[in-house]
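One chain, chain A, links the two complexes that follow: it is found with chain B in the first and with chain C in the second.
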Partner chain A sequence: MNVQIKEKHLSIPIKMFSTNPTYTNPKPCKHLADYKLIHGLNGYNSLQKSLKTTPDGRTAMNRDQSKIPRCSFCSGYEGRMYFCLICSSVSCCSSSDSNHAFLHSQTENGHEIAVDMDRAELFCCVCCDQVYDPDFDKSVMIKQILEMPRNNNGMDLSKEKSIKRRKLVSKVISDSKISKELVLRMDRGSKSCFPWGLRGLNNLGNTCFMNSVLQALLHAPPLRNYFLSDRHDRETCRKISSDRLCLSCDFDAIFSAVFSGDRTPYSPAQFLYSWWQHSANLASYEQQDAHEFFISMLDRIHEKEEQVRRPNKDDGDCFCIAHRVFAGLLRSDVTCTTCGFTSTTYDPCVDISLDLEPSNGSSTEVADKSNKLSQNISTLLGCLDLFTRPERLGSDQKLHCEHCQERRDSLKQMSIRRLPLVLCLHIKRFEHSPIRKMSRKIDRHLQFPFSLDMAPYLSSSILRNRFGNRIFTFEGDESDMSTDFELFAVVTHSGILESGHYVTYLRLRNQWYKCDDAWITHVSEHTVRASQGYLMYYVQKMLYYKASEEMNCLLMSPRGDPFLPTAECC
Partner chain B sequence: MRRASSINRPPTPDAEVDQEQELSLQEIINIKLIESGEKERLKELLRERLIECGWRDEMKAQCRAFTRKRGRNNVTVDDLVDVITPKGRASVPDSVKAELLQRIRSFLVSAAL
Partner chain C sequence: MQLASHFLGDILDSIIVDVASECHRIARLGLDRNLEEEEEEMKLSAQARVRVADPSSSSEANSKYVVDIFGQTHPAVANEIFECMNCGRSIMAGKFAPHLEKCMGKGRRARPKATRSNTGASQNRYSRSSPISTYSPYSSSSSVNRLSNGTPGVAGEEYGDGAFAET
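So, the complex of A and B:
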């Protein structure tokens, strides 16, 4: 039964992020500008020899162990020491009263720019302030890259020794007692306390992989809004396209059915048939992988829309609903370990696949008592850390360096350039070994947060962490990107590889519901946390709360009758 | 003609030679700390401790507050150092001070041997 909904203008922003025109590199002071005009990059390059990088990634001017740098005025060695880029003399500055760096600039004409020896940062002796030059930072960065310590498994040692900061560590649930689930009886009346849009999906023969993903997508706020606002008009679609099969149309039909108020389990047969038509290789009653299904579904939606809308391929972003909701942009930096030259590429993605590794707890020499426990548990944040960690590519994976004009050993680092509205995180639990012709499943429990801040995994954060306080502009500032996400669906897998079962947990208005094919039950947070996460769906925080508000406005008839909306109050 | 008194003046002493004669015990210890690399290690330890206990975050916040009040373009590194240093020194946790002092003591004992 189709529900008549007053069409609300739920516009999905197409370009979520715009470049921030007010962000630019700080302008050089007159003295730095003059210095650059006269000396160019010579000073910076000759400085490289004296730079040394500490294990935790900080660069300083190498202090000759036998000779302590002393101020040329007072022979002091305390306070901040500045190295003149013109004459290489050292001056100290211990307070604004005793500023010998300034004195140096007054006694020697033109000796205005110096380097803070402890920090390898530029200083203007006349302005008595730090100054910034991207060229300087570049030359320091190159030195840092070349000096990165090597070790066996190719990990960047400088980040292994990460210092554990004061963070909110979520409590570790050791023995999870499965809480009593409130199982409501299947009759209509008692289901009336369920939120709108919760309806079981019948298993049509090992189709839990499909049902689980569908449940998650049915409650992805931007998708839900799009289809419930009738943005995909089935009539128009049928008229326009010659190909009568359209997955979006069938998906739209499921939306209508699920949000109709009818609580009896629904059979998405038409949808399954449509999907089979397009994914012939997967058309069988065998078990399939939920992630593969998710990707193929987005693919079908995208292809269809491309056919209809843009016969010519356009440059830039795709505006089909699948991409508008799920597409993000990944950045990959590949650095040649011989010359330090880095090449950057951007690739669009509709999800992020993460390797499941035990979380690297702090491995500092200093004992970290409070976090000993977390060292043995895999966490989602640990997987994201692993994803964005620099990886030393094996000698069989040498990449061509433009600078050296040869294949060289390289370092690769991933980061996220642009976040989507809905972020799908896929945990690689299925290991396929082509050599042994075997696949196995990794059952290890993964701890995942309900609220996720993706800021540390953005390109700007990753690069900043790697190179410290170096100034360089990004193509478009990322500070206006919202990075807070809320979990709204978890697709879990239980059982072995060949015969397992997918179940989805949905979070609606801060309550959790288990969607196990035709059976929907209310469960506790505890149960969700103890489950084996396979696909985690996060949505931008503001969209999650907006969706919750919208749900609150629409009241259910207490008798569980087919739903009739009251006037919207928001 | 009378000779200028400047001729009879002894030659200007070499700055470094002058320096060595005036080295205090404190300075000698400091030099030993640096030359053995212990000072670097102590600095690293101190850095870790101050980050762990949130001291660095607190200082960052104070710097931001100060900069916001004064105006971003009216603040230099010197200003910040002058203002934040006393606050920073006063807020180092006693446990951190104690640990470092202990390390320095051990070093002195081993250096004296």
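So, the complex of A and C:
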């Protein structure tokens, strides 16, 4: 699914709305196909009444509550029990020598398809293998939905409002067309083979926390296109709002400066002044956190837009540029472990803060051939797994279950209902000891990929997994948003919790640059991979490659003709 | 004793087949992760760290800068001079922030509470330990969840207290 792009000037045919094939439909074996032809859905439907679902989402056959199912051949009750879909007899399979399920298929003609009673899975007695049929899964799911306590168990089967998303994406694309023209006008004359918009930012006195985030945002494709295509008009802004302060205006000024072609380091003094006027409690030049700054900045941009125009009332979505680029939707399911009742809530987010997964136990072991020691490395995927793992809420956190009408032990599970255009992943590199009332930074290395597929963390995938991975359409499946992301910026922190230094690595046209305040240098992939990631910025793959294409088109040839792409000269 | 171990064996068998059945489905439906890709990533990561740690190779991450990609050099403290937009004085870039802090009267006085907003910016919203959705406009109201930059100075402590002012 991930395409390795080696050629820098390769034009990638990108389907704008690629549907997400979340699962493949396996081909049935001959025996299952024959069974379906003869019996259709009869067997599945009559089976429904015998199915029983437990609160953890697992379905089993529960034919007779008073008797243990016994094998029709040996009357045994041990081993795996298989229920014949044609004659309803039960056969056991305890070993390859004692396979009565197979025996049944040989003694009774055509009795080849059975159901594993413990898991409600189809089993072909001749192939001796688990087989799959969407119709069977659908039948099981319908029973599950009907049986589970009210409230659909978080299984909201309503149609996704994908119309707004499409408008958003197409708007972003049209933005990029305008910005390309603008840049051609702006940068004409300066012969440059350096990436567009690469410029150092002066440290104004411990402001690397701000510089590092600014560098990442200046190169976030949808944000860059928005500001460069003059979507935030400073003139209009001043006229409209009575409050002359506007962080977006100051941010716009930085874009103009950084993309002007001037390569001497820029001092974002006006921006700092503006930000401090808005964020009174954060106005201190010492001990600032880059993530806090990022959130604060988005907050200011959002607030200003809210003053100017009211957000859409019908679905509560905000269409300010901060939300349009960074906002996603998180889903939280809290399930009662007694009855299975699930309460679901949705919360918007502009980033995802991840706990650093512990290196002992849940992460991948790497046995490096050159290095005899095998190490346990924390990975970004591991952190995302941890984020979406069901968490047992403590006994002191018992929640009131609507169905049981009592306080019960519960499980909580997070998932992503809607992905943003730009995904900011924040790694919580700190440990707090309540006893010693101290925190310390976790320097442990975190492996992070350059290409990221977020599909396993979507609500549809998490839900599907919770209900046994049945072939069934879950909420969000019909979404046309791609789940493939490309890394374009990494904000790293070095030093201790109380003091340190922030540096940003930018990926432009598949080359990495280090932005260390005023210093812009070229670095190799290795440096980035080995760095200590704190904030990782990923953008939808399609937008990343579109931005790269634009970069290529803007390389000036020595003759100053903007339409002829040049080969790499640096 | 034999009976107990017999039952244990049965339970284990049942669990093993359960896991096998689940993995079988995940694999057949194409829901499993690309293990080859992940292994490749881990290898690249390990290689990268070896190369960066090697003192003989030029460590880009830690070497002192000579020139940047544009051929420029920069002093340790930015020496561009501009006017402070608050008081009008000429300030050197690298000293601007500390100047502005005093100039704007920040850092040593109690600050007003920040306004709330809708970015849903709270970390506590979906933190793993609290099921109740708490809301705060900034990512954390405690100094715990922050990686600071710069050096802790005298104003540091003051700032620490100030951070708790808004809850």
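The rule is short, and it goes like this: the second predicted complex is superposed on the first by the 324 of 570 C-alpha atoms of A that agree within 3 Å, B and C clash if a C-alpha of one lies under 4 Å from a C-alpha of the other, contacts with A are read in each partner's own complex, and residues count from 1 in each chain.
Simple rule for what comes next: a residue touches a chain if its C-beta (ideal position, glycine included) is under 8 Å from a C-beta of that chain, and two chains touch if they have at least 3 such contacts.
What you are looking at is a predicted structure, and each value in this text was computed from that prediction instead of being measured.
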Contacts of A:408 with chain B and chain C, given as first, second, both or neither: neither
Touching partner for A:430 - first (chain B), second (chain C), both, neither: second
Touched partner set for A:75, first chain B, second chain C, both or neither: first
Which superposed partner A:202 touches (first chain B, second chain C, both, neither): second
Which superposed partner A:381 touches (first chain B, second chain C, both, neither): second
Which superposed partner A:132 touches (first chain B, second chain C, both, neither): second
Partner chain(s) touched by A:99 [first = chain B, second = chain C, both, neither]: first
Comparison of chain B and chain C by chain A residues contacted: C
Contacts of A:264 with chain B and chain C, given as first, second, both or neither: second
Contact residues of chain A, present in both the chain B and the chain C interface: 80, 130, 364, 366
Interface residues, chain A side, partner chain B - complex: 54, 56, 63, 65-66, 68, 75, 77, 80, 93, 95-96, 99, 123, 127-130, 163-166, 364, 366
Footprint of chain A on chain C - complex, ascending: 10, 13-14, 17-18, 21-22, 24-26, 28-31, 33-34, 37-38, 41-53, 60-61, 65, 68-70, 72, 74, 77-78, 80, 82, 85-86, 93-101, 104, 106-107, 111-115, 117-121, 123, 125-128, 130-131, 133, 137-140, 143-153, 155-156, 159-160, 162-163, 165-166
Chain B residues within the chain A interface of the complex: 15, 19, 30-31, 34-35, 37, 44-45, 48, 51-54, 57, 76-79, 81-82
